[in-house]
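Structure in structure tokens, see below.
In order of appearance the chains are A, B, C, D, E and F, and numbering begins at 1 in each one.
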Amino acid sequence: MPIVNIQITREGSTPGAFAATAEEKAALIKGVSQLLLDVLKKPLSSTFVVIDEVDTENWGRGGLPVDQFRQQQGSGSPE
Amino acid sequence: MPIVNIQITREGSTPGAFAATAEEKAALIKGVSQLLLDVLKKPLSSTFVVIDEVDTENWGRGGLPVDQFRQQQGSGSPE
Amino acid sequence: MPIVNIQITREGSTPGAFAATAEEKAALIKGVSQLLLDVLKKPLSSTFVVIDEVDTENWGRGGLPVDQFRQQQGSGSPE
Amino acid sequence: MPIVNIQITREGSTPGAFAATAEEKAALIKGVSQLLLDVLKKPLSSTFVVIDEVDTENWGRGGLPVDQFRQQQGSGSPE
Amino acid sequence: MPIVNIQITREGSTPGAFAATAEEKAALIKGVSQLLLDVLKKPLSSTFVVIDEVDTENWGRGGLPVDQFRQQQGSGSPE
Amino acid sequence: MPIVNIQITREGSTPGAFAATAEEKAALIKGVSQLLLDVLKKPLSSTFVVIDEVDTENWGRGGLPVDQFRQQQGSGSPE
């Protein structure tokens, strides 16, 4: 009866999207539940998944808020 | 000095309610703090409780977002 | 389908005990699951509980490891 | 830069195993990182995964420690 | 490659502020990342920080929602 | 009343050490509690800190257990 928590930044993966879509979230839920069935034989019905979307100003890396970290790395991509 | 984290879906427990009410949250805080006093003798003042409300599209079970899981189970109840 | 995480220090609630007992853990699981049924009408079978025992040197309060904090407070009790 | 936390009970998926093996853990890490690349285009190097193994007496479901819950359900399987 | 999660109540630290500011969050991210470098020699780039802001009605202490706890303590300060 | 959770790999920061020492943990607790006082004016006594040490085989990055990730990066350092 696994519990999976997925923390992601609140932003889109495609131009014009500002957050993960319901379809993307459903794909994460389906994929990780299937993974636990494949690897550890956990029935799908026993796995709980919680997706936690975090505003980019609340996420830090390299000692910086993530937007500034990406600028410093020369990358604007939604890493 | 326990820390209790309660994750629930963001939805009401009664018709017309769209989320747990302040009264329901206060009852959760009171009840779980009392439980830690009763069972482990932790003073009320030492227990921290955080309630985390999760949108239903961010919660998965059975490999599906929870709304779809409930439909599949033939249940629309806010389980 | 709530998820409850209870973090406690790894220590006993009675003389001679060095950790919460299996009976105490069972009482926490039973009590908090019942609470979610009473307050939010969540079926018992839908609630997951995880108890996380933390070594006292890994727990801090007042800027100090918890054992030192208690000494400073003039209290040796397993708060 | 997602963070994935996977909580599982500490028990084996095959007879004679008492915990997830290093190979099974590696498969979980690989699989969930690939999933975040496939679904949200997150580079593998940006995903952190933490697996948290929980003793069965610290895991509750249905208001019971998980071993008792499984007995009640007539199932001894490592769900 | 540490992961730091900071949970705070959603409220301001100065009159007229209703939440931690972007500058305050950046200072938390910078400070805790530097701390892990100083104490454990973890490179800044390896540390992830997530700040989690919690509504005061979702935070409990002393068996009460935090606003009521503060009133009881005779303190309105954003402890 | 902040709650800070610090997850680190279970390994030493100096030759011959196999885990963070009690002194290093105390320095983390002191430092992060002071940071919350400096930045958000949270009293030391209101901050809880939990340090969570994770076995390296339970920590993944780049789709690999962390020991393999470091080898791939040509780095054996306890990043």
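Note that in this section a residue touches a chain if its C-beta (ideal position, glycine included) is under 8 Å from a C-beta of that chain, and two chains touch if they have at least 3 such contacts.
Since the structure is predicted, the reported quantities are computational estimates derived from the model, not experimental observations.
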Which chains are shared contacts of subunit C and subunit D? A, F
Where each step is a move between two chains that touch, what is the least number of such steps from subunit B to subunit E? 1
If you tally contacting C-beta pairs, which pair wins, E-F or A-B? E-F
Homomeric contact subunit A-subunit E: same or different residue positions, threshold half: different
Listed pair (E-F, B-C or B-E) duplicating the C-D contact set, over half by residue number: B-E
So the centre of each chain is just the mean of its C-alpha atoms; given that, what is the distance between subunit A and subunit C in Å? 29
Mean-CA-position distance for subunit D and subunit A (Å): 17
Residue numbers in subunit E touching two or more further chains are 1, 3, 7, 28, 32, 48, 50, 59, 61
Answer with line, ring, star, complete or other to describe the graph linking chains that touch. other
Which chains are in touch, pair by pair? A-B, A-C, A-D, A-E, B-C, B-E, B-F, C-D, C-F, D-E, D-F, E-F
Using the touch definition up top, name the residues of subunit D that touch subunit E in the complex. 1, 3, 48, 50
The subunit C residues in contact with subunit D across the complex are 22, 25-26, 28-30, 32-34, 44-45, 47-53
Within their complex, state which residues of subunit C touch subunit B. 1-9, 13, 20, 24, 27-28, 31-32, 35-36, 38-43, 46, 59, 61, 66, 78-79
Could you please specify the touching residues of subunit A with respect to subunit E in the complex? 7, 54, 57-65, 68
